[in-house]
Amino acid sequence: MDLRLSKEDHAFRDEVRAFLAEHMTDGLRRAMELNTCFINEPPVALAFHKALHAKGWAAPNWPEEFGGTGWSPVQRYIYESESARVGAPTFNDQGIKHIGPILMKYGTKEHQDAYLPRILSGEDVWCQGYSEPGAGSDLASLKTRAVDEGDHYLVTGQKIWTTHAHFANRIYVLVRTNTEGRKQEGISFLIMDMDLPGIIVRPIDGSGGDHEFNEVFFEDVRAPKSGLVGEENQGWEIAKYLLEYERGGNPQAARVRARLSSVARLIKRYADDDPSLTLRLAEVGTDIDAMEMLELTLLSDLQSGKNPGAVSSLLKLRWSAMQQQLAELALDIAGEDALRWESGRPLYESLQLPPDTEEMLGIGPRYLNYRGYSILGGTSEIQTSILAKQLLGL
Amino acid sequence: MDLQPTEEQQLIRESAEKFLADRYGPETFRALIDSDARWSPDIWNGFAELGWLGLPFPEDAGGFGMGPAEVVILMEQFGRVPVLEPYVSSVILCGKLIELLGTDEQRGALLGEIASGQLRLAFAHDALEGPMTVTRGADAFLLSGVKRAVHDAPMAEIYLVSCTLDDGTVAVFSVPANAAGITARSHNTLDGRRLSDLDFADARIPPEARLGGGTDGRAAIDEATAWAITASCADAVGAISAMVEQTVDYAKQREQFGQPIAKFQVLQHRLVDMKIAEEEARASVLLAALSLDGDAAMRERGASGAKAKVGRAARFVHQAAIQTHGAIGTTDELMLGWYAKRLVAFEKQFLPTRRHLGRYAEIISDPEAAAAPLLREATA
Amino acid sequence: MDLRLSKEDHAFRDEVRAFLAEHMTDGLRRAMELNTCFINEPPVALAFHKALHAKGWAAPNWPEEFGGTGWSPVQRYIYESESARVGAPTFNDQGIKHIGPILMKYGTKEHQDAYLPRILSGEDVWCQGYSEPGAGSDLASLKTRAVDEGDHYLVTGQKIWTTHAHFANRIYVLVRTNTEGRKQEGISFLIMDMDLPGIIVRPIDGSGGDHEFNEVFFEDVRAPKSGLVGEENQGWEIAKYLLEYERGGNPQAARVRARLSSVARLIKRYADDDPSLTLRLAEVGTDIDAMEMLELTLLSDLQSGKNPGAVSSLLKLRWSAMQQQLAELALDIAGEDALRWESGRPLYESLQLPPDTEEMLGIGPRYLNYRGYSILGGTSEIQTSILAKQLLGL
Amino acid sequence: MDLQPTEEQQLIRESAEKFLADRYGPETFRALIDSDARWSPDIWNGFAELGWLGLPFPEDAGGFGMGPAEVVILMEQFGRVPVLEPYVSSVILCGKLIELLGTDEQRGALLGEIASGQLRLAFAHDALEGPMTVTRGADAFLLSGVKRAVHDAPMAEIYLVSCTLDDGTVAVFSVPANAAGITARSHNTLDGRRLSDLDFADARIPPEARLGGGTDGRAAIDEATAWAITASCADAVGAISAMVEQTVDYAKQREQFGQPIAKFQVLQHRLVDMKIAEEEARASVLLAALSLDGDAAMRERGASGAKAKVGRAARFVHQAAIQTHGAIGTTDELMLGWYAKRLVAFEKQFLPTRRHLGRYAEIISDPEAAAAPLLREATA
């Protein structure tokens, strides 16, 4: 057992670092540091994405035949980790990480030709219409109806928690096409253009002051049947494939380490005299070490062609907790200064202040937003119940 | 030994419940949050009419002579709204400071005006650091420097400003907010209120503006601060209790997997832990309140103990309440988000939770102090 | 609202203190400080109990007609608190706190005359036969059978967790007299002499090294019918009355405060330089303050003749946690010295060492034994579920 | 980057499982616990036959040249018994110290005897304080003073004794346990093992008994201690994993209220948290093991990080396991109580959890160190 990179992987890491050093401009770094949301807003990332696209690195997780990089698991891990370590933005993860893989597996040739290149190029921004007001953790009880009207579906209903619907020009939606039998069996997977008449987007104000989520209403939307992915009523299977992707597909260690490092910097600057804060930092540090080892074990399994087993819920559960602990620790370090509130968003556009004053203004919003880590994408309670089955056979 | 609420205390609670339910519902709160001022003169007048603005002042100074127990009963109801108006700053912190430190003349001039609703004050104290310089001129003090994060300053007509003089005594000056040489830079706060950073540039303060003549202000500042901490702990208990209540209600009606989520044992147990945290927090506020008439050591133990305990409860409850609500809990769609922000702000005001725990630790690490029962000797 | 004692109560407190000062000898104090169990062993307390009995204070919770003190709730609180504060022992709580009140309410005149005076005098020591190997939290599923054989019951079965059965000469037992209907409805309450043929006591070794608990086997024991308390099949009602007593009937604040103080002393002596330990002490201190206020509120309610409501589960739950936290804190203060193990019991008889070396040897056993606080007398999980119903209507 | 166990590593694990299942069941453990010696020469010889007593030593010194990964695999199985024999003291701590510090001659004389099972050692080091005085005589060192709490000393034939000399260097002496001038007072430990307080009264130590001639022993002591900490963390992971497994099994079969208690959601979630704690603890031990071939900073980060993390897991798991078992969990009727005691003892040996957390905190509070990924550069 060994944690050393091979010479080839090490050289690849150097190449990634060189790319990042060139394209992470000061402005981009500041914008990312002042980001208080889970993900960055698409406009921030567009220029960076175009540089990636020009280098052929727009889709690290896609096979070469679809314009991806065709990287090995280790290369992909290195790329994602180095990007996260320097705080590089992501552009349209819903396109690249989610609907892209879905279309490669379940889409027609027409779907693939129409959508995949526009995801790579950055022309299309996607959002995901899954959750509904009455269907959160219990996703399968969703009610948005799609009624077959010959050449189109008539879609009525409501989605909620739709991240960045206000930036997206495409949406993929789970709709109910059958109300009989098991609720999982009447769900279909449908893609639509956001400018279809009857699609209405209403913002949801996060208590951290950010507009990240939306409600999306479908009022008698005539959705072309060409948007059906897979078979009718096959949507649950497709969504499960995607959820699996969502919950464990991406290495998080470097991302959480970057936050650890930035909180370490906060302590040095503002609270060097309080050992209780440093000890809390250290506890999270040991947690990250352990989880990174589990992540690397998963990577090692993948690399050896093994089935990595049921760790995606475990990783989601634990990384969420660490992100929250670090945001909470930052709040405690900041003292009363964290009470000052700037309501303009994005912060990098609203603020004109010295760097360390700016930095304080992100701490409160981030603490509040990050409470969502243990909720969105499957609550910690749900993940724990999944693990009770998967890990312990309960 | 008697912990039964008196009839008068029950009346205060009931009238607060009624007034706030009638006049200060979520729509009113949201309207104020969307306003620039972040407070309502109309509501403030209502408080005055009900006698709340003079509640803890002596009757001879235009007050109602009520004690800490009455204040915490009222404050808990305020926290359930949560009330944005500067009650703790004006009435408790500055009002008590004037009562404790002021000359009869100063008390007469100021307390009555607070009680009648005409005057709001903010305390420019900056307990963490005091970068003020004071020069004693011929006919006035000259103040220069900065007081940071003066809560509720934007709605105050008078600032009480603390300064250490050249003889080492601490003076508290009563200064009109619009006095020459004072500039205020105002900010919104995380919980929807307002604060200011005050710049003093050779601001001239006449000697008669010093509270209490030549008396050192330290003891009075400490005592008034203990009152304010206790009041703000009670406010936090109000926010906690509203969160617990709303979370229990939500869990009973929110269905997932074909049943109310309140049926899930993990949530049931968490809700119980939240309720216990509420009960414990309330109990330690009562202890703090009943310690305010003791000596300085007893007051500090009560206030710091409550700030530490309520701070811990505040954090656990707001996090658990959000988690139990799920995604909706992370938004401003419900009042929940505002209670959470209130509690985050509570933890930071008057020094953070862990600093108060440290103070309490210094007291309790003496084995004798640790062993002492709460029931006290009868007074002679 | 006021925390001041009345002049009368204050004078009473002085009287209690004077009594304790006289009768808490150095030897008794040492024995109590080296006690690592939940309760003290009966022999330690006998002399002290006789002094109490001589003063008429043997049964603070009994009405005067049965030889009790007839104290007001506040007086009783003061007495219990002052005793706990100086670490005074209790003698035969099972007799005075449990079976005594049961017999006053459900016993016949004969029961009362036969047993109550011998409890007061210290001649009888009682133990409680409730739990069974398969009936712990789910007490009502108990299986020990009592079959009516005319002039006696034939009792067969097994009890477990019987505290101090090896000291007791009497036992009260829940037995099954009816196997039909709801399981609660076939239970009777029976008292027996421990020397009846067929009663066999087997010790259970606690992992803290103490012998506190026992299994009690009933092998065809012929138990006189005169031992039936109340009606046949009324046992569950009687037990519930007793459980209510057990779970909230006694003030705990002073007892836990005494431990707080002793842990504060440990910190001063061994770990003055580690603020993290003092902060943990302080957290428990604020917890105790809050719970003592709740206890005093209960007392105030009792004093005003109000029904105190459902707080006994809450008190049990929280006091247990505090006792455990303090035992854990002591363990952390003690460092490697707490690893030294003396297996002889009781410690006050086994040890001949300087006082602070002695004190170290109780810390490990106490930590281990005190894990039982959240289990015995109703687990914390059960208490929490009870509170979900009582406090929240869930 | 490869974290797949090799075939050899799987073999070590399987042979350990088999040997311990056959030869070291609960009855054997209990018989040893009831004995005065608290270890079995027979078992020890079995270890020797399987090559475990020389596992990490170089092949030219009679060992098998295995690395830290193999050691932690074996130790985890030891922790599942839990093995009472002084493996960490003799083989890892003293063995590694001899390997790292000793001259070729000393390595030749001692390591082979350890590997063959003829020799057990204990390290008299007392990291907390060193109340020893050393006088350099004409032909010998004279040692006086006390070494407290020397673990496994009662079964050792040789003590390694650390001393600071007058020139400031740290010497480690290899001293026969029965040498004149040494008195051992032995005690049982909480987890059923043995330790001694050693009194030295002008004990004469010939110069050739000093390991490594004149070399300062500090670096070797630190490195050997990092090995021992890592090994003892792996042992704790074994005890943790046994507790988790037995608690899950118990919850599945123990019925209350007409169903297995494993059906209660609160218990299910706690069992999951226990299992996660186990996985995390094992992962951080692996990191510590794979850091032992790095520089001193990397070793310390690995070892202290693991001690802190496994310590936290150990406490949570043993408390949760006892609670889930109910009253039977507080007794010695099941093996559970012995795992709990093993884990309590683990936390205290080689400095307690919070001291290691403090060490790790010093490292990680540097933002650069905090940001560094675990994957390392390829060696040139």
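Should a chain be cited, it is by its letter among A, B, C and D, assigned in written order, with residues numbered from 1 in that chain.
We take it that a contact is a pair of C-beta atoms (placed from the backbone, for glycine too) under 8 Å apart; a residue touches a chain by one contact, two chains touch by 3 or more.
Predicted model, so just to flag it, every value in this text is computed and none were measured.
More inter-chain C-beta contacts link the pair A-D than the other of A-D and C-D. Distance between Cα centroids is largest for the pairing of chain D with B.
Chain A and chain C have Cα centroids lying 55 Å from one another.
For the pair chain B and chain C, the distance between mean C-alpha positions equals 42 Å. Averaged C-alpha coordinates put the centre of chain C at 40 Å from the centre of chain D. Counting partner chains per residue, chain A shows two or more touched chains at residues 275-276, 279, 381, 384. In chain D, the residues that reach two or more other chains under the touch definition are 264-266, 269, 354. Remark: chain C residues 1-7, 9-10, 74, 78, 81, 85, 253-254, 257-258, 260-262, 264-265, 267-268, 275, 278-279, 281-283, 285-287, 289-294, 296-297, 299-301, 303-304, 306, 314, 317-318, 381, 384-385, 387-388, 391-392, 394 touch chain B in the complex.
Chain C contributes residues 275-276, 279 to its touches with chain A in the complex. In the complex of the two chains, the chain B residues touching chain A come out as 128, 149, 187-191, 195, 255-258, 264, 266-267, 319, 322-323, 326-327, 329-333, 337-338, 340-341, 344-345, 348-349, 352, 354.
Those residues of chain D that touch chain B in the complex are listed here as 264-266, 269. Taken together, the chain A residues at the contact with chain B in this complex read 131, 134, 136-138, 141, 160-161, 204-208, 213, 274, 276, 331-332, 335-343, 364, 367-369, 371-372, 374-376, 379-381, 384.
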